[in-house]
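Encoded as structure tokens, here's the structure I'll be asking about.
Chain nomenclature is as follows: A, B, C, D, E, F, G and H, assigned in order of appearance, with residue numbering initiated at 1 for each chain independently.
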């Protein structure tokens, strides 16, 4: 609802002053004391709330899962620990935990239909955890995902065999640690927009992912933009935005 | 042409061995001695070659502009200097130079039709040079661009007045220096994918743009990916890829 | 007592040479062997000593709590561990420990009256530990604190609903991790001086809080100064100094 | 004017829908094409707009000075060059330029009355440029400033002779380059809140001011907050906010 | 087999289209689901696959060892843990684990003949783990290795007694932590190419090996190139390449 | 023995060729396989070997203590763990362990006479571990040490009361973490050469001691040189060198 | 000559004590006051002295060229300026200057025969200056060089067409700026040892070559070692060492 | 004069209260408006004031030279420019300027007697400017200096020929850029305390001297402490302090 419409309705009396004030202030959140749950989020952006589990206190996490499950009939959380899985399993027997990606989710009763196509690639096997965070996030938001793992530059022939498959995606998520050259190489071989995800995989002068981040940010190839180190979630989110645009679906599912 | 097709044609004799070898090796570039001009680029990716002028020697630059103009009837260059403009003007009287963005271009005879919609925003007036590199790059590739400048966080009411306009874009390019908070704020207010461009604008602990880069990479808002400091070209390129997807146009114009 | 006064009293004989020397050397501390307890601190600055518990040896910590309790009838410590709480509880049954902020304190018999108004805000729920260190420090020094948590930029409407409340404070403490954009946004919306506290919350290229620190230091908004990463104590202290000035109370309680 | 009031007036007809919309959107800026001049700023925050001259194009700078002079009868700019002074002097004969601080200002006809007290200190003589930016900014906003220069730690007796003078200020601005120890030492000797300004003065491992910035951010003394390297303006601004609070004057002059 | 040859064979019918396509795509890897095992590697490069054990999941590691042992009759892994040794010993009783270097290997039935000569040196005793990774890697690839440990610059006479021995090597691997001066000193005393390996040995401003890395990269001595911090494997690999060249053996064993 | 003398003796026959060669090569170390024990060190430099215990394998450490005890009747080790103490106590009942500094030593039968005077200061109590490493190292080499702890800048009057005591030292070792301002302040108050030791004490932007290191390196005070973060040993060693010079004792005890 | 031989000759009288002392001390340099010219260098290492021209004073440079020309009949200098060329041309009419690489040399009368094969590659045209420093250095030392320029990853088909040519080299020098991915890609396609040279080409977060350096140091491909940013000379030197080994020529020409 | 003495004299009337206050406050400086000239410095520390010329305004510099010449009959300044030399030569015809080190001095009528012995070494010829700053500073303070230049590790035999000479110094100043290994090597060969001076000489990953600084700070050799990058003055100062101690001369000349 646009501001002019709101004011016109106030003037016409079809909206009370109080209600208009609430809308204008956009108080569409639920105050939980320790947090302000963004309940209007899906309506506003087309993307339901995702729970970042890391370092949340046990009872806070439980309350959030309970409240979101009540509201949406499903919950999707990232960066969860084994301990948090045990904790929540007592309350939600159907909860599923993937130790590789740290995703902890309660699936909806009716599985979501996936559409469009996003490719999620990794340079090595150690990058799979981050890639799965990206892939499952995109799937949670309704995107069809093609996984292409372990195609890093140290054995380029593996990558070449997948170029045609990559060209069929609306968007490519390229996950790589160490020197992080994968997005540059993909950028030189395909025409798809690439979301590059540096990972903290490596040792020594990788500086916990800084090396891969700098490589990707400085890429001389075209059509590459970068998210934070290990930020699979962010890549899956933006890949979904692009995939929806390609589907002509706007930003709501 | 797929590899299997090539080989089948070789077997059938409709393609000579030499020709097939050339295609397989993809020698679709022009050897200029000092450079290998990527002449097949537009056919391959839907994006014509753009000249990065900075630090190119005078005669190299001239040769490249001559060769590209001959081939395409237009040339688009970034990061050019006043000196390079003077140099090329002697050969191309119709060449146009924009000192704010450093763009040096020979427009085609028939102006390009612009379609879709990308918003290019800046936090301050000092970011306009980078923003123009992004905007004019996107326009060169056929994208309609809405410019929204000087809406940084130090006077947030300026930004609020533009939110509806931002929501109509397929993609937002957000250009900011100093602390670089603009993309985060836009990410909290709109649902569009945002390409964040940190600039070197600022002083002291901005470390020539590192501060803005880190802010954007660490954004807690969703739907943000980042390109290099001052890389307007890269942002304009990727915004075009996304805009074309939204138009259902694929990656060719 | 000013130096001139001291010397006049010496000349007049109302002060012995020894005593004057002691005052001039300001030996107003208590030598504890491993430490020099600053017993004159409250008289000198209006702020009683606060114990930084982290990495203090058990018996050292105990001696300091005993000595300060004896002297002041209350003790306030920061960055304490569960173990230190167990240790001291054996000697001070009324001691209180807050595991979120790490504050370990023995309250005085008569609760302190709180006056003025300081707002302590966080961007997210993970910043609450640091925010509580700031808030409880300010309260220990007699400041009334308004807590406004979880108003980060990823859901800006939560923040907008609190602007009027923020404007009523004499000073705002803004606590944020990740990209740390909260102080910039507050600086663009309010007229209060802001003490910005970067936190180590986040991952990847946040570099343990460096990203948030740089954002805050480079803010283009006015009226922002920054303390160390996770330094809630320092922010609570300076907010109290400003609040006291606003109360016209000088720097003593 | 509060939102509820605006809506009530719309309902009662004393405010048109258009006008209310404009207020709610807070379009209180003047669109200048290349910039959005924040004309409502002084009313909103009690601080008039200050011009950051560095790297502004000649005609942009001239337009801004003309527009602000027209509106306020005075203009205050920082980081100006000799060239910019020459440029503007042709239009404003009474303009004054201070090459040490880079301040370029047109004073109002009636000099401003200065009140309260802020001390601006430097460690060395090379820090005076930044200190003057702080001092003159504070004076522009109506603050009385006491200048205490060249009291760095390499000759501590110079500092000791000024402690009483420092204690009379409501707020201390401490400007230092190289190792930047001055704010720590002042924090150990006075009870006033200190705004620390690291400068880029020094060489070698000072890393253009990073060394001084880190020193100040890590200070073990109490009551210190830090602004950007060489950011005299920011320190003068915040010192004024604190000084006004101490005067009980709120945030308007 | 060169591309022209392949195509000629296709034309002549001595190679099927399918087979040619497979060769051209170089699909010479084995898809294991979680990984693409590079089975053609030894044929292609003369170096068999080495397993980087760190952070590989238990069953993945086991599958890889099983598959490689089946194929080659030996397996060589680096950065293995005690736990991984226990795990694999249950399946390969003859497996050998060296806790100093973390090497976990199954030796072939017939010991390999070692030829040529590479010197592996360390500055201190704490660098021996990395040095052993280099030495044993080189030995795995058939290189004869001379170990010269604990010859750092703090006791230069130890180094001088070994200069003649160093001159007999085809290549020197110099392993050093802390300030990492050993390769520079060796470069000033010998004429052999030196592969410098910085280690994370040290504390404080060594920044986990960055100090040693910078020292080695900036060396004013000739004939030094550097690999990653603690990368003994990489040094052993390249030393073998150089040793084989010196033996006139090309790059296959 | 000078080279000329050696050669003359060879010519005259009073030295065999073999013996001369050994001397010239200075093979005055004991090869222990994993290490080359520098047995000629005390004769050469006047300082006996000190054992850096950290990360030495158990049996290596034991062998070194045994060999050095046999040779010198005393052993002095730094950075030892509780575990290493337990290990060695079984073999050397008289061994002494100081958990604060990590020093693990077997004292000689006759206590060493201490001479000269070195002052070892700390800013806070958390710096005492590093200070004790410096103090006990200096004592091991025969230096008389005055300990002055907890005189940091946050309570400057504590420092002032010790200035005269500091002036009596030949050399001052100043140990400080956080912002590390202590050496600068001492440099402004005394005329003694100062060896500054940054410590990793602090949090946030102290970057594990980097902040204190940069402060000390950039000090504007005179007569300050810096050793590595937490390097008490290095400071105690160099302080001894200077103290011996002041005693006119040369570099031997 | 080995030490034992020298001493034996002294004993036998065939070598005087003075002469032996001179040899043992290796005083094979020429004292020029401001410098110690390493005249024995070529004899000792097989590589003649190369002049690093940057920032050498005019008369120093002239003296060095004169002395080396006298001695060797040729001189080879790197990083020379136009000004230095003008200066020396007055004395050496036959001197040649290459402004792209900064090489300033006087060729010998008889051209050197080049042998073996080293490939020098660049990612882009802006890297050619550094590549020429490497190529011409290698040629100065007698190595045959194959130049392969502008084969960066943004147009991978250019690189693929050169793989066979690369495989014929004994050693590859890979020069790249920006993200520096070229050596990784080459490492995945060829079996030759690669000396990676990061360049300062790029902007923004390339940090003057640091980005490319980190990429190359962290490469997951095998057989890569790295020299300093822009250090073409160092790469050409080491490539020559390896090429000579492959020729079985040892380290002398 | 000790504090007790002052107070006793006040009591006895032999010192007025005003005078005592002045002494206690140590107002022994001359207020010059822009600076506080430390006139009591030589009396207090035994070292006369040295002028740091860089970036001092012309008239300030002139006033300082005039005032110091008046007081001491000589002036010694560092980091002066050609321009400053021209400026001052008009007033002091006897002034001497050394463009290599930037020292600008007016010698006293009677040349100073030099005593003791300090060795100042450089790794290369480009380090001589910094070394001369150290050497001439030490000479200004009365120290005899032995210069040993161009003995870096790339030609170690040059260094070996100077070891005996180095052993005769009371203190060694070791100046080196690039990888900065010289102090480590000297520390392994001599028993003298070493003041290490990193220089900004080098390129690429030397990061303007950071590389050399880290090398020196992390040195595994004993008896090394470090001053700021290019800080020859600081090294010359501290070397003098140590030299004076060795002469038994205390800290006054």
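Remarks
To be clear about the criterion, a contact is a pair of C-beta atoms (placed from the backbone, for glycine too) under 8 Å apart; a residue touches a chain by one contact, two chains touch by 3 or more.
Nothing here was measured: the structure is a model prediction, and the numbers come from that model.
The chain with its Cα centroid farthest from the Cα centroid of chain H is A. When the interfaces B-D and E-H are ranked by how many C-beta pairs touch across them, E-H comes first. When the contact pairs of C-D are matched by residue number against A-G, A-C or A-B, more than half turn up again in A-B.
Centre-to-centre spacing of chain D and chain F amounts to 49 Å, using the average Cα coordinate of each chain.
Mean C-alpha position of chain C lies 38 Å from that of chain F. Centroids of chain B and chain H (each the mean of its C-alpha atoms) stand 54 Å apart.
Chain A has residues 25, 155, 204-206, 210, 213, 217-218, 222, 228 in contact with two or more other chains. Pairwise, the chains that make contact are A-B, A-C, A-D, A-E, A-G, B-C, B-D, B-E, B-G, C-D, C-F, C-H, D-F, D-H, E-F, E-G, E-H, F-G, F-H, G-H. Interface residues of chain A facing chain E in the complex, by the touch rule stated above, are 100, 125-126, 128, 149-151, 155, 157-158, 160-161, 201, 203-206. By the touch criterion stated above, chain B contacts chain G in their complex at residues 25-29, 34-36, 38, 40-41, 54-57, 60, 198, 200, 208-210, 213, 228-231. Residues 3-4, 7-8, 10-11, 13, 17, 20-21, 24-25 of chain B are the ones that touch chain E when the two sit in their complex. Touching chain A in their complex are the following residues of chain G: 123-124, 152-156, 178-181, 184-185, 187-189, 202, 204-207, 210-212, 214-222. For chain G in complex with chain E, the residues that touch the partner chain are 2, 44-47, 164, 170-171, 191-193, 195-196, 213, 217-218, 222-228, 234-235, 237-238, 241-242, 245-246, 248, 251.
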